[in-house]
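These are the structures in question, set out in turn.
Each of the next two complexes has chain A plus one other chain: chain B in the first, chain C in the second.
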Partner chain A sequence: MRAAAPTLIAFAAALAAGIVLLLLVGAPPLEALWLLVEGSFGSASKISATLLAWSPLLLASAGLVVTFAAGLWNIGVEGQIVIGAVAATWVARSLPGPGWAVILAAIVAGAVGGLLWALLAGVLKTYGGVHEIFGGLGLDFVAAGLVIYLVLGPWQRTGVASTSGTDIFREEAWMPSFEALGTGWPIIPVALGLISVVVVWILLRGTRFGLRLKAVGRNPRSAALIGIPTNRYLLGAFAIGGALAGIAGTVQVTAFHHKLVPSVSGGYGFLGILVVLLASFSAVWVAPIALFFVAISVGSTQLDLRLGLDSAFGGVLQGLIVLFVMIGGAWSARRASGEHAARGEP
Partner chain B sequence: MALEIRDIHKHFGPVRANDGITFTVEEGSLHGILGENGAGKSTLMKILSGFYEADSGEVVLDGDVLALRSPADAIATGIGMLHQDPLVFLPFTVLDNFALGSPGPVRLDRSTARGELERVSSELGFSFDPAMLARDLTVGERQQLEITRLIWLGAKVLIFDEPTTGISATQRIQLFATLEGLAEYGLIVLFVSHKLEEVEELCDSVTVIRRGKVVFEAAMPVAPEVLVEEMFGKVFIAEGREPAGLGDPVLRLESVSVEDGTTYLDALDLETAAGEVVGLAGLEGSGQRTLLRACAGLLTPTSGRVSVDGADVTRTSYRGHLAAGVHYLPAGRLEEGLVEGISITEHLVLASDERSFFVDWAAADAAAAQEIDDYSIKGRPASPAEALSGGNQQRLLLAMIPEDVRLLLLEHPTRGLDVESAAFVWKRLLERRADGTTILFASADLDELLSYSDRIVVFFGGSVFATRATASTDGEELGYLIGGKERV
Partner chain C sequence: MENTLNSIIAAAAPLVIMTMGETITEKSGVVNLSLEGSLRLSAMTGFAVAFWFGHAFAGFAAAAVVGAAIAAIIAATSIRLKLNQIAVGFVLTLLAADLASFLGDSFVGERGPRVPALPIPGLSEIPFFGKVLFDHDLVVYGSFVAIAVTWWYFYRTRPGLNLQGVGERPEGAFARGIKVNTLRFWYTVLGGAMVGIAGAAYSLDIKLGWRETLTLNLGWIALAIVIFGGWHPLRVAFGAYLFGALQVMAFQLQDVFPGLAQVLPIAPFPLMILALVFVYSSWFRQIGDRYPRVRNLLGSEAPAAMGTVFERE
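Moving on, here comes the complex of A and B:
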């Protein structure tokens, strides 16, 4: 992060606002905050659950770092996760063979599914003149509709069709969870997530592709005049972002739900956008911020059980943090550039 | 009633756009404000109309010192500005455009506004259909609507900033009749232009601004050669320029027609030789930029043929032009040349033709340090583009030009640069010329055109008005040609 102090102040302000909210609804604030910590890291199984949720968020966020570097608001990331999950489900349901082969195929299928879905938004933008926010949003709805159709139609549960999802996959199509180590640990998903963050970091920092992508994102006109084929680079960013989101979808169906459900994305796409905003669009801070966010999400389920608070409080807290950090960032930028910029003068 | 402008100063960073401007305009007069691009006319008009606040100085109308802090202040105190593009909302009706921006309660009183529109427009001799959509009006009628609105709001001074841009000859005649009518009506009309002919035709008096200062004031008529000299200053010819050893033809345009927004170049022929420097003169928007962009492959000609070194590049993409050895340096250094937030090293890596997947940053930084030294750039390898001054940004852009360029297209290569940077830029460009590169550059600076060109092509109103060998012309003649007149 560029300036640590304003960010820390913003975090404190968000926390304070959260406490005020808790007081307003008559909940004991300290106990509630402690429950968030305990609910996410209080036992081995809770830590395992937190790590399992961390993985798809890491994958989606890593992909978003790439699309943001290209100056793109990849709102279609939710749909890309969903289509990745659909592709992985198709492999899990129809591909015979030993577990490792099915899982590997599911990962590849998820990546290809997410990639193609993202390219659709990319082609709409580069050749169709449709802004990626609108194209992506539209494709999110289409993907959500497709899953419901599949769950209620061709892939319906044996017996009666239900929005609770498809049949559970056969166990060969479950991502191994290494039960021998105790409660079971999501080693493969976490590895996929961390590797994706590192690869993206290297890609943007050390390669010609990354540098050109950054140039396209910051000033497409200059980039084009320098001789960079901007459309190709924008599509490249969509492809990478979509592939990583698609793998997040694979993780969701093969490691978490073990079936395809309508809410398969888990909202990790949109949450990923918040994570990357907080990380100032850099891969360096994505991993810790994503962990912090999923900890709030996972931990907040405890609020419901123990304090009778709605678990949505976790989302409120996440939103507050992002808002305050954005306000803090805008405020320090305004101070740095002085009065003139604020008034729109040269 | 008189408008007095007293010692107005306004600077942007080190640039003194207005450096003590003082003059007075009497009631009922049509007053011309002349000056070349960048002389400070627009800044002064923006101060009068409240878009900028002056650093010091006063604007006095009818004995009152005006407090101009916003466009709303300006119109409230009686100064109305007509912009080059009339501020008309095209999807709105004539009536809604008229009523828009009127002071008063929140409720839009359309029936009163309708009556007022009829009253004011008939006084001025205009007629409108209030229900008509603004998009169906001609540009001239949009100007009339805007005038009507400003007068209704109480304007006593009307400023017209280059009002003849983009309107037809008939509309121009109509506009001039309107302006004369407004002056007779008792208003003060300021007519801002860089077109000599129009000021000669229309104005009662004139003020010439050059480099932020008033250099000349007189009642019209004034001999045009006097105005030319006042606008551009004395032009000195630089001495000792090497005559170019011209080589084979490089760029050849054969009756090329090309369109760029409102600018249209028709059936242009041009041939340049290796090692030749061709200057493109003319007022902004006369077609020079269109020509450069067509040669760069950014605009595709609608007809005709463009070739570089004998190879037809008429339909070739921009990147194809790059491969053919064409390099374009636009005027907007941070808008179309460099990328904000990206360092000098990164720019040089972007511009290099290396293809390795990973970038060796240590080597790239070392190479950048070398270029910084070679081009005397004031900055470090890690300095982002926006931290560099204009001169240093231009040096960086020069450093980014590949070695084997055949045709260099430059738009205002030294605009905004100090003398030292400008001289440096030209030293480097002339070195390129010695290697056989052809240079085509657009400039508003007569000195620059006369000092460095072998040939000067003058554009006026979207076509080539005249072509002169530099040796056979001078600054005075260029001033005429740029204003669209032959020297008599």
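Moving on, here comes the complex of A and C:
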């Protein structure tokens, strides 16, 4: 993370800007901000909902730390979540057998689906000359189109086809939750998310693969000169990032929606990019920042219910925080070290 | 036929203005990735301001300011703070889109002023071409002007040559006494203002009113079209019209083939990817070596210094 003082100042400025916006639409700012807290941590079931949303964001963000380490802008992460969800849905719909086997298979299928979709963007980049931002964006669109096709076509709801999604899965294909305090706790999703962050942290800190991957990310040309097979490392980063995003998709369909819906990614892919930008591309800060961001997202739905405000305020606040912290960090770095300070580079 | 062509040209007009703006920005070496968000926020602001003042022109002016301001943030943070343009652009994409939803909530369902139709007297009476080209409004004529002026400026003027130099070889341009970063800043602001004007065109001309999904994905598509067009104004314009044709076709086919109508709007992305892979392929390079004219016509090279920070040594 960056030096504390500029980050805190930037954070306060973002909050102030958010308050100004609330005043602009005639909303009571303190009540609105309190609703964000209350709506995400105010009761056992709200905490559980926040943790459930935290999990896919953790998975996607952990994967993005790997692709950023390789110097890649994995904008295709949304599509990788979606394809993971499609693969998991296919397992949930077609695989007979006991719940634990179906869930295990759905996790593997999600990982494989996301991995393959990410490799497609990777191959387009390494062998097709298509920058990963645009290859990834294109594959995001294709994945979104595929879900709409599936939901309206082959996997349509019994009765009438509708964009509200497929039929609800049978209960064996629901990721089990742990009952306590009068609500279900998403133990498995949270465990998957936290494990992925730890694994990524170890991978990048302590393994040969991780160190060489970071060398590729910093300077692909000199990495190639010292004999690192650059393309293979880039594809490896795509594969890991895609697999983790795909598992996020599995969590979305088996633990949250219990069906496939067009908006299945929940925007956690793009939100994950914001999380990793704010975390300065380091795995250490991903978990707390992701929890903070997801609390804003979950809490902001209360703004709609209680104050009649658009829940997009949560996204506005997240965006302001990242923008201001990036600018604040670069500003202070520039003042500290003169003109030569590059910030915001993956 | 002439009615269909007329609708395609009208439907593509905002896209043409937006892609010309982004082409100018990228030619100067800056990537404004924020189009999806800029477009949505400027469409909302344009509508809101036009609604207050009861006049479409005020909306266009306000929208241009919004687009220019977002572009200015990207250019300034890149030039002064050395922040990554992609990172800032991406954050602004999400921020501006959410800001539009949040601030525009109360305008959903309202009806605002519209851009008046303005058939050009005389010219619009010409058989066929009159209907296709001259029976439109100021936004569409503006899109024609944008294409012509961008092309002329790039390839026929001294400042246009400098603009390309700044995007291709900033060191060389600097050595010739050109203020690289000043030019980049203002061309980015200009490009952003054009994106803003396109946004207002969607809420005040193409559709009358504002809702969240009004410009959905069109900003991303514009970025794809600029690449598809190889940063050449005429080819970019061709891409924009091709997409306009897809839109009009999707609209007309809605009742007959509802499935196809859903798929057509995402077609530009697979097309762009195929075009890029094709141009990159060894097969195309061989053809290009044998027939340089084919390479000049279809080949596409990004401005060499695009997305980089220029520092005086």
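As a working rule, the second predicted complex is superposed on the first by the 334 of 346 C-alpha atoms of A that agree within 3 Å, B and C clash if a C-alpha of one lies under 4 Å from a C-alpha of the other, contacts with A are read in each partner's own complex, and residues count from 1 in each chain.
One rule holds in what follows: a contact is a pair of C-beta atoms (placed from the backbone, for glycine too) under 8 Å apart; a residue touches a chain by one contact, two chains touch by 3 or more.
This one's a predicted model, so the numbers in the text were calculated from it and none came from an experiment.
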- Message: Looking at A:115, would you say it contacts chain B, chain C, both, or neither? Reply first, second, both or neither.
- Response: neither
- Name the chain, either chain B or chain C, that contacts more residues of chain A. C
- Message: So in the superposed three-chain picture, is A:21 touching just chain B, just chain C, both, or none of them (first/second/both/neither)?
- Response: second
- Task: Scan A:206 for contacts with chain B and chain C and give back first, second, both or neither.
- Result: first
- Message: Once chain A of both complexes is superposed, is A:215 in touch with chain B (first), chain C (second), both, or neither?
- Response: first
- Considering only touches as defined above, state whether A:153 meets chain B (first), chain C (second), both or neither. second
- Message: For A:227 in the superposed arrangement: first (chain B), second (chain C), both or neither?
- Response: first
- Have a look at where A:129 lands relative to chain B and chain C in the superposition and call it first, second, both or neither. second
- Take the contacts of chain A with chain B and those with chain C, and give the residues found in both. 345-346
- Where on chain C does chain A make contact in their complex? 33, 77, 80-84, 86-88, 90-92, 94-95, 97-103, 105-106, 217, 220, 223-224, 227, 259, 262-263, 266, 269-270, 272-273, 276-277, 279-280, 309, 311
- Query: What residues on chain B touch chain A, complex-wise?
  - Reply: 12, 52, 318-319, 322, 328, 330, 334-342, 346, 349-351, 354-359, 361, 400
- Item | chain A residues within the chain C interface of the complex | 21, 24-25, 73, 75, 124, 128-130, 133-135, 137-138, 141-142, 144-145, 148-149, 152-153, 270, 273-274, 277, 309-310, 312-316, 318-320, 322-323, 326-327, 330-331, 334, 339-346
- Message: Can you tell me which positions in chain A touch chain B when the two form their complex?
- Response: 206-209, 211-212, 214-215, 218-219, 221-229, 345-346
